[in-house]
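Note that subunit A is present in both complexes that follow, paired respectively with subunit B and with subunit C.
For the complex of A and B:
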């Protein structure tokens, strides 16, 4: 059944800005997969750096909409900063947990995701999409 | 005395806890009342990446110095952990079961791996390194493996 999205607020998905590790790239790839493909009508993403810098539009966006953070590593910068901005955090995911569920995948490359990294990003995107669906059903 | 010897590499600060013994394989040992606690050094956890899986020998099992104590695994690498001492494994850190990232966030504290009752502590201790000597070894590893170093 197709969901009626009229007048629905969007779920904001905020990936981490991690560099130097494949997991940061995976968090962003997975986010784009959801916002541009899997659930493009119901989601949008936001630049974490803009939020951290105090941009008012970004702060309003995370306060007025349900947010899901996607962090590459256990430091969870995206989650912490959405909370600090007073955002409506309704879910947080970590790439490392997707790795725990898919131990055979060993993403290495950082600048361009290798096949294992791409596969992990898709698996994570599916988890994000499931969370989005749960939030939309609650609305 | 400072609690840690420190150096910086790239954006990272690397610490070596004073008062602990170390192996050349980057494990630390803390001995108290005849019991030894074992963990991985800050250098090892930082070069390994985010630890997702930890496997260690079962409590009650005999372990031999230099032989397999377990492994830590990240997406980047799987690191075998040769036991720093011979003895009996008493306890594996149960907190690591759900939170292996404690090895990364607090390698010298809550991220400890196991406790052992050493069977030959005096002899085994001879081959362990002091914090000062391990710090020098770590600097050499950084120099040879990563090529750039800023000591403090």
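For the complex of A and C:
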């Protein structure tokens, strides 16, 4: 998958992909569910690390398009890093909020999501997709 | 990340979202941490490190690190050098792939068996590098 830097406006979904906890994996999986399935024609993701390392194409992409960040924990590293890169941040979601709304789900596995983690990722993906729809209506 | 006093090697994965090699870097790092060298390694959350995480940057300055990048842009290595110091070793998934027989890689989300096998190779390489770093620890 290569970064689409064409002129077609898309909503850019940027997860933190934190590696230490299941919530980071959920942020990543929910992002892929939106960009590869639920809203694949209107969204894309990019490498957060590449953006922060100063890559010009990535910076242009987040400045020229609406961005939604998806963070695993309250430290909100994706949001912070997109702001630092001057991105057009229009929405910010946190896995921990989806967890609070679905306390019966107990995701534990990090490397590969367990069924509870997968379910939480799908619930979060629906929230991201709703946010995308709202942004597209505004355009 | 918590207080670390023993000999530990920090593994920093790019976890790139834009290609399957980023997922391989992530899965391999988790395998090295959880299965192959659980007592010798810790991981550093790259987004937190990049966002200015003090503990993460101090650890990477005071302890040896191994970076695991999906592609030759080497974001994890570049960031580690910029904020903390030269990593003891750096692994690039696309380099590992050059030595394998063109496996059919899967999507970045769900890894097929061939892609998982690549991740396992990368994990073994991480473990070898960890052993090497510990061997030379003074």
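Note that the second predicted complex is superposed on the first by the 131 of 139 C-alpha atoms of A that agree within 3 Å, B and C clash if a C-alpha of one lies under 4 Å from a C-alpha of the other, contacts with A are read in each partner's own complex, and residues count from 1 in each chain.
One rule holds for everything that comes next: a contact is a pair of C-beta atoms (placed from the backbone, for glycine too) under 8 Å apart; a residue touches a chain by one contact, two chains touch by 3 or more.
Just so you know, these numbers come straight off a predicted model, no measurement behind them.
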Just subunit B (first), just subunit C (second), both, or neither: which does A:49 touch? second
Partner chain(s) touched by A:108 [first = subunit B, second = subunit C, both, neither]: first
Which superposed partner A:23 touches (first subunit B, second subunit C, both, neither): first
Which partner, subunit B or subunit C, touches more subunit A residues: C
Is A:15 contacted by the first partner subunit B, the second partner subunit C, both or neither? second
Quick check on the superposed pair: does A:81 touch subunit B, subunit C, both, or neither? Answer first, second, both or neither. second
Check the residue A:59 against both partner chains and state whether it touches subunit B (first), subunit C (second), both, or neither. neither
In the superposed arrangement, does A:31 touch subunit B (first), subunit C (second), both or neither? second
By the touch definition above, which subunit A residues appear in both interfaces, subunit B in one complex and subunit C in the other? none
For subunit A, which residues count as touching subunit B in their complex? 21-23, 73-74, 96, 99-100, 103, 105-108
Using the touch definition up top, name the residues of subunit A that touch subunit C in the complex. 1-3, 14-20, 24, 28-29, 31-32, 36, 45-50, 52-53, 55, 75, 77-78, 80-81, 84, 110-112
Partner subunit A, residues of subunit C touching it in the complex: 1, 13-20, 22, 26-27, 29-31, 34, 43, 45-48, 50-53, 73, 75-76, 78-79, 107-109
Going by the contact rule at the top, pick out the subunit B residues touching subunit A in the complex. 49-50, 52-53, 73, 75-76, 101, 104-105
